[in-house]
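See below for the structure under consideration.
Each chain gets a letter, A, B, C, D and E, in the order it is written, and its residues are counted from 1.
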Amino acid sequence: MSLLEFVSRINPVAASGAVLVLVGVWGVLARPNLFKIAIATSVMETGVNLVILSTGYIRGRTAPILDSAVAGTATDAAGAAARMTDPVPQALVLTAIVIGLAVTALQLSYAVRLRAAGGGSSIESYGDEKW
Amino acid sequence: MVNPLWLFALSLGAAFLLPLVDRLGRRIALVLVHGVTAAWLAAGLSWLAVLLSGGEAAEFGTAGFRAPLAIVLRVGLAEAAGVTAIALTGLLAAFSLTRSLREAPLGGAMALLMALMGLSGIVLTRDLFNLFVFLEISAIGTYGLLGFDDRKPALRSAFKYMIAGGLASSLYLIGVIYVYRLADTLNLDIAAAGTALSGPAGTAAVFFLLAALLVELKPFPANGWAVDAYETAHPGISAILSGASATALLLALWKILPLLGPAHLSLVAGSGLATFAAGNLVGARQDRPLRMLGYSSVAQVGLVAAVAALARLGGLGDGGADFAAAVAGGLLLNHLLAKTGLFLLAGAVEDDDARGRLAPLSLAAAGVLSAALVGLPPFPGFWAKWRLVRALADSGLWWILAIVLGGSLLEAFYVFRWLGLRAKGEAGEAPVRLGIRSAGPVLAALLLAAAGALAGIRGPVPDLLLWAPWAAAAILFLLDGTPGWLKGLLSVAAAAAFGAAAWDRLDGFRQFFAVMLLGGGALFSIAALRKGGPRRGLHPLLAAATLALGAILVARTPLEFFFAWETMTAASWLLVLRGRGGEKPALSYIVFGLGGAFLLMAGLAAGGWDGGIAAAGWPGLLVLVGLLVKAGALGVHVWLPGSYAESDDESSGFLSSALSKAPIFALFALALSLGAALPGGPWTSRALGWLGLATALGGALYAVYQEDIKRTLAYSSLGQIGYILLAFAAMDQAGWTTSLYLALNHFLYKSMLFLAVAGVIQRTGTRNMYEMGGLIKKMPVSFLSVLMAIIALSGVPPLSGFGGKWLLYSTLIGKGWYLETAVAFFASAVAFLYLYRLIHSIFLGQPKPSQANVREAPVALVLPQLVLMAVLMAVSVFPRLMLDPILALVGDRFPAAFVFEGTRLRSALGYWDGTLTMIVTGGVFALCLVWMLANLHNPQSVKQFNIVFAAERPLRPETTHYAWRFFEPYRKALGFLTRERAERFWDAFGTGAASVGGALRRLYTGNGQTYALHVVLYVAVLYLLLGVL
Amino acid sequence: MMRRVLVFLAVAGLAWALLPLALGSGVPEAPGALATAYLTDAPADFGAANIVTAIVVSYRGFDTLGEVAVLFAATAGVGALLTRKRLGLGDAEPEAKPAATEILVTATGLLTGLLVMFGVYIFLHGHLTPGGGFQGGVVIATALLLGLLARPESHLSHGILAAVESLSGAAYVGMGLLGAFLAWGFLDPRALPLGRIGSLVSAGSIPVIYSLIGLKVGAELSGILDALKGDRE
Amino acid sequence: METGILTRIGYALVSLFVITNYGLLLIGSMARISAKVQGRVGQPVWQPYIDIVKSTAKRNSIGHGIMFYLGPVFRLAGGVGTYMFIPAVYGSVLFRNFSDSGDLLLVMYFIFFGQLGMALGASEGGHPYSAIGVSRGLSQMTAFEVPFALSVIAVAIQYRTLDITAIVAAQQGGFWNWTVATNPLAVVAALIAFLGMSMHNPFSIVIAPQEIPIGPPTEYQSNLLGMLQTNRAIFNGAKLVLYMNLYFGGATDIVTMVVKTFLIYFINVFVGQAFPRFRVDQSIRFFLGVPTLIGIASVIIAAI
Amino acid sequence: MLVDVALLVSGIVMIAAGIGAVLARSLLVSILLSGGVSLAASLVFLLMGAPDVAMTEAAIGSGLTTVVYLYALARARQPDEEDSDPLGNSVKGGR
């Protein structure tokens, strides 16, 4: 089955994540609305998170949590380890998501602040500093 | 060593508790902020102390584990220096931010703490993902800081900044995760040690990492977002961005260098150099100071990145990593302190919207900071740039060298333009006082000076004599409030002491020039006493320039020579700037001065040193051209007339009669160390001869049409230097004798002229000759001085000037340079025109009623003139006084062409007996005088206007004194020769550079989205190039 | 038009760089050496059942501390930007909004309490089950948000929020220092006894740290929402 | 050839006396000849003597300042000095003058001594016409110096010396050894320059002798004017002697000198009479044109 | 394999939602679609064996972020049409 063949060859998460990154970048570059830029940045960050986590995707493995489902007995550490997926990307993504939220919040604050000062909704109206 | 983790705990704890502390009062909260920053500084310094005294770099793990399991921090020399620099900048900036922080919401202070901690974290961490976290901490802190004091423009910029920052961090994350995937670690050292990253996938992964860091380093053209922020933020924030943030990011780049392959490194180098060139080109077009500094920042950072990459590539430097650390580190330190200080200073001025000139202390700080930024000695950038240039020359990377020097020159142009503006201010504006806000810039300036001096004295220039100019300048600046006579005497004493200390180290040639250079300095230091009052700034600069001239003579290595040379250039530039209308001339003076110096530097770096400048081949030609620029040869002379005219009158004299001999000395030194030959051989000589001749003729012709005395004298100096060059180019005993004789003579009579003219200008208050007239009765001594000087200058026997002419023509005809002889003859004849005009318009003809009360010049001017007159008479009567030493100096390097027989000097073609000439002339003159007096019957003096005037009686001196446009028919006949082609050429050149800058800066549209587009395109193009490489 | 072409070129160029990397990396067969080391050692090292938590809070705890700092800096920035004065709201009364119905008010009151308890549960069990301080903190913030929605005229108590935020943050740093003094390094959770793996009181100070993070994150996110609402002085 | 210093001074005075009288008579006779050519009776040959005596005998003298008085002194000293540095008659101790002070270059530059002093004196007179005259004179001087210098260079190349005595020596042995025969172009250039140097037509705008009193001497009268007139004679003589020495084989006796200098002067004056007067800018352009090219050609010829 | 197909399908959904978020003229729709992207992403994370991340993404990415957007939109008095009012107005905050 060619689809499955193809899917097994590539990393589906990485692929969709990368495309999502491109979609986000396109949004950042093409939509002049301040909020739209922020939204596109969020989409891009989600894509990046997918890319990150894609490297920790191992077929057929479970979450890296030692519970009864994974390890019958807690002492069988080595055996449990062989059934779990890579935890490092997960740890990294956790951090990245929170940072993404922080950035988004701040970016939106600026947008709000600019609007409150009577500015336009398009980034084109903030080009007084140039050359 | 102090565990850096304590500092992170301290920063975070303080930041987290800040809202509670704030309840006790904002002051206390701010003290906490400053205290934490100071703690970082203390820690950085303690690390530096440990590491510099031989301590080992240390790693600090977290959570009780080591890499790769846990995150590890490393404190090495680079890290310690980086943390110190960041904390220092932070402290300076925080100090300037205090008021804003007090008035704004507390978020500002918290963001500041976070930003600084983040930057330090970037420096310290060895973990790639942790690096990302710290990048984000500092980025978000910065975003917060950009808007915290509610400047509307800064709010706009911050949004643009965030878009670009978001793109960069996404790129970075993608890079990090694939590095992890391939290398199975996040630790830098482990990743660098393995080979997993060498394949195509690894190259791509590292590329993303690198691209993100490069974008954060604000490369051209993807840096509009940053420049906007630099321009609009609070100056303290701009200082952090430009200084601390750049430091941290460069160290981050430095860290990942081991991961990079040659192709990556080429990208970094290319991008850095392009940024350096483009940043400076665009900066040159910028008239808003903060934005200008922004462009300068990105340019400097680009250069540092390029240097680091080039050194890593292996094509550069002697000691690999050491070299890179020294050069890149030196440049960075220089940039950091200078830019921090400048942002604070310029920002304070802009915040006040002040248009006046800066108060003295701030101005001095601004001067030091600007000079450091441009890489003048003795600041750290100078040493770094020298090593860089040397390495580039050694590696044969000439085009990079050209970019580096060209960019630096552009930078000098716009930075010094700003400085000139601030030094002069707009007319009618009150001086700008910054009060306590100047503390930061002053501190930065002091640190720069200290760091530079330390680097120099403990490094390549241990000879304290070479530091004398700086010491003298510093001491006299401190005494600047004291009366002028004290400083004048000190200056003279300094020159004398320098001469005494250096005398034994100088060979004959150098002693010969020392008399002119140091003596000239002392002479004009005395002349500077002509006005009362402290005359702030004049004496320190004059003394510094004088001693720098001396330092040029005692230099023993190329670096020492260049060090002294640039010192001289800088001091004399400030002298020009000090003049009343000195702003524009000073700018062209320093730009051409540095342009020449840079050529010299390239040549020196490539050539050797043999007790003199031993640069053969085309490095030698570079040196030659550099010296010619400084000498003011025709074509590159455009800086000369304005600077001589607009500087203070004693400074003009100093520049013309003493300082102009420095390039002459250097030419001799160059030729001497090549065995009395020029690089390039006879063709160079011939070309140099014609160039000298063109200079002589051009100088004379231009001088004819000037209305301004000092411009006349300036062009006259140009012409005289032309003769000296012409004679020098002959490269034989006759030529060198002539050249040295002319140089010494020029020193004598041009000093007299400038001294006399200084008196005239002081008394009449004008420089326009047609506004004077008939001053002979008011200022007889000055008249006599000018009379003798112009007789000598024009070469009319019996004064010593004729000796020069005789030697010159004998040389030229003997050498077979016949056409040159004819042109020289013509040029000498033209000199009569302006000399006559000079003495006629000022001293003769009809006096002006408004100048009825003019007195003789002050004693400080008259006395030196009397001495010089006596000397001139002595050497005229006894030419051997001057010629014997010169002949001895030239010695037996060449076959003898001139020989003395008693008082008669004999050449292959003819002879000249100066003493007999003087006696005959004196006798004849006495005879005629007696005849005249004997037949003088009933002489009557008549009143003004009692002249034979056709049928009417003139009433006004303005219409009777024929002085304005004196040689108009001459202009009609030969004006086509003096159409200022060189000026127009250089104007066009400037316009060309400006239009390139103008075209480039069209990229900076102000649209944040366009900036983001630039970022993405930049990354894409970089990737394409990576594929190509 | 030109701009569109350039945007297309830029995105295409980025795609050309990114897609080969993303598509070509494939799916790994097994975790790398580092991951395996974590998987095998974490339970023994820290007695934490949730290995991701072990990494987040201890091995890479320094990242997490930084992450908290990021959120903190963002909150600070938002707070500085969006004061009432700067938003142009001045001293004007907040806009009157139609009051919610009685039922909604009562329901949200209940729900808020439940949600807060859920949030606390999430971060207390971070070392055992999925979830942790951040997730728990978000849930708490959501709970407070619901309260705000239900009673538009109500305000969060800034004093309490700030105190919680400050103290929990400082306590987090303090736990880190405790690790340094009582165990083997900064942020080492072995300062407290590890306990039996799988039980609530285990994994050293991991649950304590995660709880503090949860409180802090909850307070900070609430603060951001508060600022966006226009309630900051 | 060592001679006592007093003897030398005595010889020099004799030489000076001779050249003064010769110069005066030359001017007088030339004016007379000019008049005849133009169909006038003209002045007596001794008119210059009358002029000088008349000027010197004036009872009053009006002065404008010290430099005004010194101007004529400079001027006369310049003329006398120039003559003093030229050996007038080849081989004659009497007319050797003080030519051992320096070579041709000294003579060429000493010419300026008088001109400069004169210009200064005239300036102090305060008359605008004086200054205008000086301006014109100097402007023109720079231009005619070029062909003159070129021709001198050609001579120096040809004889490999700048020593005037040696140059004359090299021309001995008949007409074909004279410079005028060996390098006629140099002589042509020099003679054209001589027109400007003597301010003869068409280069007489400087003193404009026919019109209103203009030119450097405007303010001068009494014995000061007398000195200027005396100088004119001596200076003219000196220049003629110089030309004779450089281009026309010099003279071994006084009669040859008189004949040769008279002829040189005659040619010049009458060549000049044929042309209208140039403006200053025109004369500058003229001198830097064809005469300069001729001069360059002469140098090239000599160099080859 | 089945998981892979599910991942791919989710990926396509996400990309579609992302493109929609960028293209939508209504900001509200945009925000909701971007929340949808996050929601789909959290599903993907869950499928990949990353329940921690999935939870976080759901809570933060699709939940809190969306709320923050909506609050900001309200506070900024931003009309829903993305290209309305591009050049700003003179109205200073308040009523």
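The working rule: contacts are C-beta pairs under 8 Å (C-beta built on N, C-alpha and C of every residue); 3 or more make two chains touch, one makes a residue touch a chain.
Bear in mind that the values here come from a model prediction, so they are computed numbers and not experimental data.
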If a chain touches subunit C and subunit D alike, it appears here: B
Omitting subunit C while every other chain stays put - resulting connected groups: one piece
C-E against A-C, pair bridged by the larger set of C-beta contacts: A-C
Chain whose averaged C-alpha position falls nearest the assembly-wide average: B
Per Cα centroids, the chain farthest from subunit C: D
Gap in Å, rounded to a whole number, between the CA centres of subunit B and subunit A: 51
Whole-Å gap between the CA centroids of subunit A and subunit E: 12
Gap in Å, rounded to a whole number, between the CA centres of subunit D and subunit A: 101
Rounded Å distance, subunit B centre to subunit E centre (Cα mean): 56
Overlap residues in subunit C, where contacts from two or more other chains coincide: 7, 10-11, 14, 18, 21, 25, 28, 32, 34-35, 38, 50, 52, 60, 63, 66-67, 70, 73-75, 77-78, 81-82, 86-88, 130, 132, 134, 224, 228
For subunit A, residues that touch 2 or more chains besides their own: 8, 15, 17, 21, 24-26, 29-30, 32, 51, 55-59, 63-65, 84-85, 88, 90, 92, 94-95, 97-99, 101-103, 105-106, 108-113, 116-117, 119, 124
In subunit D, residues with contacts to at least two other chains: none
Chain-to-chain touches, reported pairwise for every pair that qualifies: A-B, A-C, A-E, B-C, B-D, C-E
Contact set on subunit C toward subunit E in their complex: 50, 52-53, 82, 87-90, 92, 122, 130-132, 134-135, 138-139, 141-142, 145, 221, 224-225, 228-230
Footprint of subunit A on subunit B - complex, ascending: 129, 133, 136, 140, 143-144, 147, 152-153, 155-160, 162-163, 165-167, 169-170, 173-174, 176-178, 180-181, 186, 224, 228, 231-232, 285-286, 291, 1001-1002, 1004-1009, 1012-1013, 1016
Complex contact set, residues of subunit B against subunit D: 774, 776-777, 787, 791, 794-797, 802, 805-806, 809-810, 813, 816, 818-819, 821-822, 825-826, 829-830, 832-833, 836-837, 839-840, 844-846, 904, 907-913, 916-917, 920-921, 923-925, 927-929, 931-932, 935-942, 944-950, 954, 960-963, 966-967, 969-970, 972-974
Subunit E-touching residues of subunit A, taken from the complex the two chains share: 3-4, 7-8, 12-13, 15-17, 19-20, 23-24, 26-27, 30-33, 35-36, 38-40, 42-43, 46-47, 49-50, 53, 56-59, 61-65, 84-85, 90, 93-94, 97-98, 100-101, 104-105, 108-109, 111-112, 115-122, 124-125
Residues of subunit A that touch subunit C when the two form their complex: 8-11, 14-15, 17-18, 21-22, 25-26, 29-30, 51, 54-59, 63-67, 74, 77-78, 80-81, 84-88, 90-92, 94-95, 97-99, 101-103, 105-106, 108-110, 112-113, 116-117
